[in-house]
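Going in written order, the chains are labelled A, B, C, D and E, and every chain counts its residues from 1.
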């Protein structure tokens, strides 16, 4: 299971750049979807609510969204699937989105960022989620447009991350129905950030497991796993750091789209991103420590092997030499005729053996 | 004893994230206690004082605290136990706390932070203390609310860290009775920070011990202890760095809740946090140094082992070869018949032995 | 192919400094071309356009460019080849360029930078492109002068990087014909930055290949390739970091030469440079990881080798000793006469062998 | 001599925290001397001077200092010995010192800092000096109070660092008699900083010596010395960095206690602290380099040892095998009867020997 | 040649501190020359010029310089030799230099810095130059005083670095004769910075050479050279970093001594210092890479050595054992009488040999 996941992350190296270069030479602002191709029709859902009313519908034609632009209620248009660029284009034109924003929405290799276009705010994030099915971490780009009285969210595929927000709107739980579109945007981002904790926790489990393995039975596979985790931390960090900037940017924006009461919630989600990135740093430090322990234990084992060899060899090599001497066939070797010659060799051997043994004991090699 | 402690810290990895993820999907501001479950009833104590008067009482019903909100004296409400969220909720509502503050109080995996809500300041810290009973470092979340004329403090379990402050109020020692609620808040934080010094000192002792062990008898267990200490430093640092920010934030606040005379005391406790974090950095550097010494000494030992093997083997292997030659059974081997053949072999052997010995001496291997 | 490329980059070390020192002692602002000498005549092309009209011509005499300085249309003068300093000088004088700017244009070892001279902005960049012909990364200095209603670009040699911009102007694709000279300058820089992605992608492929090689068959050549890639990252990073500053500087300039509508495009290209430099950092981290894996795997292999030696040697050395003992020629060796002496030695040998085997099994060496 | 010094520094780890924790739980501002206990009576000397007059006296009773607070001349009260807290307390009360300042004066584990209390400035520094007697670096806390027309300095023990300043006042050398109390404070700090250069120089000598030793005869003791020096650098750096901040703080203060003419001198001493801290960083880098050289040379030596073993063993092991073959006692071994059998073995042996020799030569192992 | 140079740099460690400590205890502002003692008389040259006129003379008496202080022309007083402090003193007094400035001029261990004393600016730099004679890098302190209408420059010894500036003044080349004293000061600094490029280039050559050596024939001497270069980079960096600050400080100064037209030239020289320091950083990175390659190649070689030993030993040790067995002298060894016993041993031996060979092939050790 774990190997599969890494495979996935390993692929990510190419994704960072591949898609963009394929577009090099094109004019900026051209709408070309560069993510994974998908064939199913994008799903457009609209949730429209205020303190007392609540409507939810799934529409086929994007033009059905248009009236919600100027409604006095809070409208949330969610689009699952960004591969049909004409939908994005129509929507973008009606809602007055900048061509570069539309380009970024369909271009799924964006670095997380926030941009303030006065009458709307554009936020693009990476949503991470753990797919139990593939035992794999999946990344998906989510774009959120916060305008006056509406929020438009774009996901690559349909997911369940926003379901908790939908539930809260439906059931009028908490303060969401009493607050504006800015709070809705916050709620969506908060649910994305919450998902990072789940990923972090998974990694925490794996790191702990690695640590235990290391004590029980260190082997080259453990080493590979440590390095895989280190690489995952590199990628994870690369997603989380800009996330901090994004939310910090939202906090500091002077946009009229945000009400004062929402800032305290943004501060809260900002604290969460700091906590996530600190945890990642901590994991990196711990992984470095685990690696050091592994390498030291390998080196210790090597030491033990070498000591064994040295002890056996240094004891027996001189003995073998002595035996060799008396195996020579010189005709005149007086010792050979002695009665006690043979026992004497044994006694010498045992003496050498014992003195070597004592020497090694003293040297603390035994 | 030392192993136990590490065990404790090892567990901490999970705590950072576990609790939060269990809550993912919930709406923000929902009051769910996510710390360790406890069953005993929270203990609520009220200390009310001014320059001349002093009252102290333990109350059962949280509503008994309400009148102290607007008293002209300084009131300190201390709550030991945050697992009964209804108490926090009632208190929070009466004292006008933001839902997110109440959530943070019961959510024991907060990163230390300070938040200024105009009419009150919310500070959340990690209290570290060394439990002699379990020979273990314990961490506990402490929340402090500083309002106009009152301080509310929340601890996870009843502890004795604040006792010195209580004593000073009771006995009217020092300037505490003559100062306002802001000084009381400072005094509580100061007592928490002082506890860090005790932990730091403990670690200093262990590091010194490790250094001595290293010189006397380095072994793989020492290595493990070094790495455990390094990991502890990672965690400790993670608690102390935000602590600095918190106290720096209090110093810089323009809140009317702080009197000018208190800032010099905040500056003092800020200096302490700098001293603590510098000491942690120093310990990290020293531990790295110790690790380097350990690895070098292992490598030196290995060198010595290899030298021994090489010296013995390179001296005796040629000698054994020579003995083997004259152990051959060729019918025509003229040397075998010589009278001085056998002594000659001994002389050759001793010559080889001596010249090898001189060679190794020259090479500085002996 | 890959070796060739490195060769190229290896050369770059000298280029950084060589050219400059050759000029040391000269007065600042002296026009001496210090790049590679070329003999072909520089090619001067002029593209002049506005919303409705479009002219393109190649001129021989630089003075034909002069009228375009004050035309109300947008004029783009592109000069391929900077080795004829008199052309630069004439042009510079007419367009009012500072002597230091002219010096920098012909001096091809500039660090990327942007300078605001009130009535014009000078930008110097490194253009990187992958030459399929030589299988080699090539670097070239590009200078861009943005004035009121005109852009002058200087390239070392004729290239096709700007072709996409030319196409867009010719075909009136996108908004380029409706925007001013500042947008043209942006479009040129954008096409240069886009080329970096192609280089980055190439390197991504090579790194991935290295990772696979490492698992399949690590050898010293792999090591050399890793180090070569690390060095390339050092150089690449050295070009990209100042690029970020340049574009950031353009974004923050208060120059009247930039229209408000262009800033959002500059922000976009700035995001790209951040993405590039983050990818480089990621590659550096991954390369460090690969190197660690390589070194660990070498060390593991070494371990295996040593174990094999130790096992064979420690088993057979004692056995050989025993055989040597009974090869001695003492006249009085009672065992030699025993009927079961010889089988007994075999039995002892097999016993030693087996116990050693079990010992090594236990030690986990087999 | 060198070992002794390290012993001293090694002890320092505990000092950082030990003293403070002993005080944990006490109220802030309580006057408890936590340095090394001393029994001798503190020595109080007063130097009072202006452009024309000069008085110097040693007083027994601290109250004799009181009149100097408001004298129009410059008064320097120097107190050697801070273990009698009542003296500090009386003095502090008369001169209007804040309780926390008095606490810091007697609390000898302060981090260097500067605090501006409007009518006086409090500076606390570490004075380092090399005691020839103990061949040991000693650290001492020095507190300086700069008020309007007076300077009060506190030393732990009587030392001679300030003697040069005293001499200059007595002999009216330089500009000291013509300047105010602020210049006197500067002069004291300058003399403390000058002492750092002596320590730095000592360390420079030791490092140079280590480098030479490394080339002549590297051994594990050298390694230990390198690590000791690295540790000393950690501690030294810990004293010097806050020193920079202190002097920088004085330079930037807007306190009326400083005259404009003094700032240029503060800038000068600030430059010195930068030079000291840069030198420490350089020493750290050099020590890292020395360590690397040491480890590489150890590894090279190991290589040489292994090569020797390998060459001897791989040459003689096959030869010994061959000799062993013809030492076998098979009744039917035709070679044994050949006349040239024995010389043939010698020829084969020499051939093997030579081809091995050539092989190793080729491999560059000889 | 290369060893000599390092010798020189090695000495530099002491220089940093030695000279200063010798002066510790002296009053600040005392004029004591602490550089290398020299006996020749300082050479004073005056160049006085404006747009139309030009005078150059060498004077013996420093007082001849005094009239140039208030001349309306630009005057450049250059003093080669700072060991006669009375000259500096007289000059300093007439030109109104601060005592600390005069001290710094004669004190040749200054850290590069710029100080603005309103009516003049003091700049102190390190001039580096490569002495072909000694094949050695030499460092020299250069002080420059920029006043209204005059520049005074102080060099330790007479050098030719400023000759190019003199030439340009003499020949009225470029804009130097049309600009003020501030441009002259810039021109001097520019010529010093240009010299750094030559040093950098030299080091670039040596590093390239080291890289080539590493591939051809790595040996411990290469290692030593790498470490020497690393140390040189440490020192070089130490000179260059403050240089950047100095020139940045000049750029930002609001002094009336600088005309607006000069700032663009200062920016240019600032860019050069950035380029130098970036190149030094690049060299450091490359040297680290070279070191890694060296260490890996040593480790690879070691591996090869160990493999050779292991292969030979593990093949022949069992064979020798077998031969030893049949060399035993037991009276009852049935195999010895067999006709095919001897050939059988050979066959067994060859079988063992071949299977070992195949095993090692499989393990990829051959």
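Structure notes:
Basically, a residue touches a chain if its C-beta (ideal position, glycine included) is under 8 Å from a C-beta of that chain, and two chains touch if they have at least 3 such contacts.
Computed from a prediction, not measured in an experiment: that's the story for all the values here.
Looking at the partners of chain A and chain E together, the chains they share are C.
Graph distance from chain C to chain E, where chains that touch are one step apart, equals 1.
Our note on geometry: chain B versus chain C, Cα centroid distance of 42 Å, whole angstroms.
The mean-CA centres of chain B and chain D are about 26 angstrom from one another, to the nearest whole unit. With touch defined as above, residues shared between interfaces to two or more other chains in chain A number as follows: 299, 302, 306, 309, 313, 317, 320, 324, 327-329, 333.
Round the ring, the chains follow in the order B, D, E, C, A when counting starts at chain B and proceeds to chain D. Chain contact summary for the complex, chain C toward chain E: residues 10, 13-14, 16-18, 20-21, 23-30, 98-100, 111, 113, 115, 117, 217, 220, 223-224, 227, 230-231, 234-235, 238, 291, 295, 298-299, 301-302, 304-306, 308-309, 312-313, 316-317, 319-320, 323-324, 326-329, 333, 335-339, 341-342, 345. In the complex of the two chains, the chain E residues touching chain C come out as 163-164, 168, 173-176, 187, 190-191, 194-195, 197-198, 200-201, 204-205, 207-208, 211, 264-265, 267-268, 271-272, 274-275, 278-279, 282, 285-286, 289, 292-293, 296-297, 299-300, 302-303, 306-307, 309-310, 313-314, 317-318, 320-321, 324-325, 327-333, 363-365.
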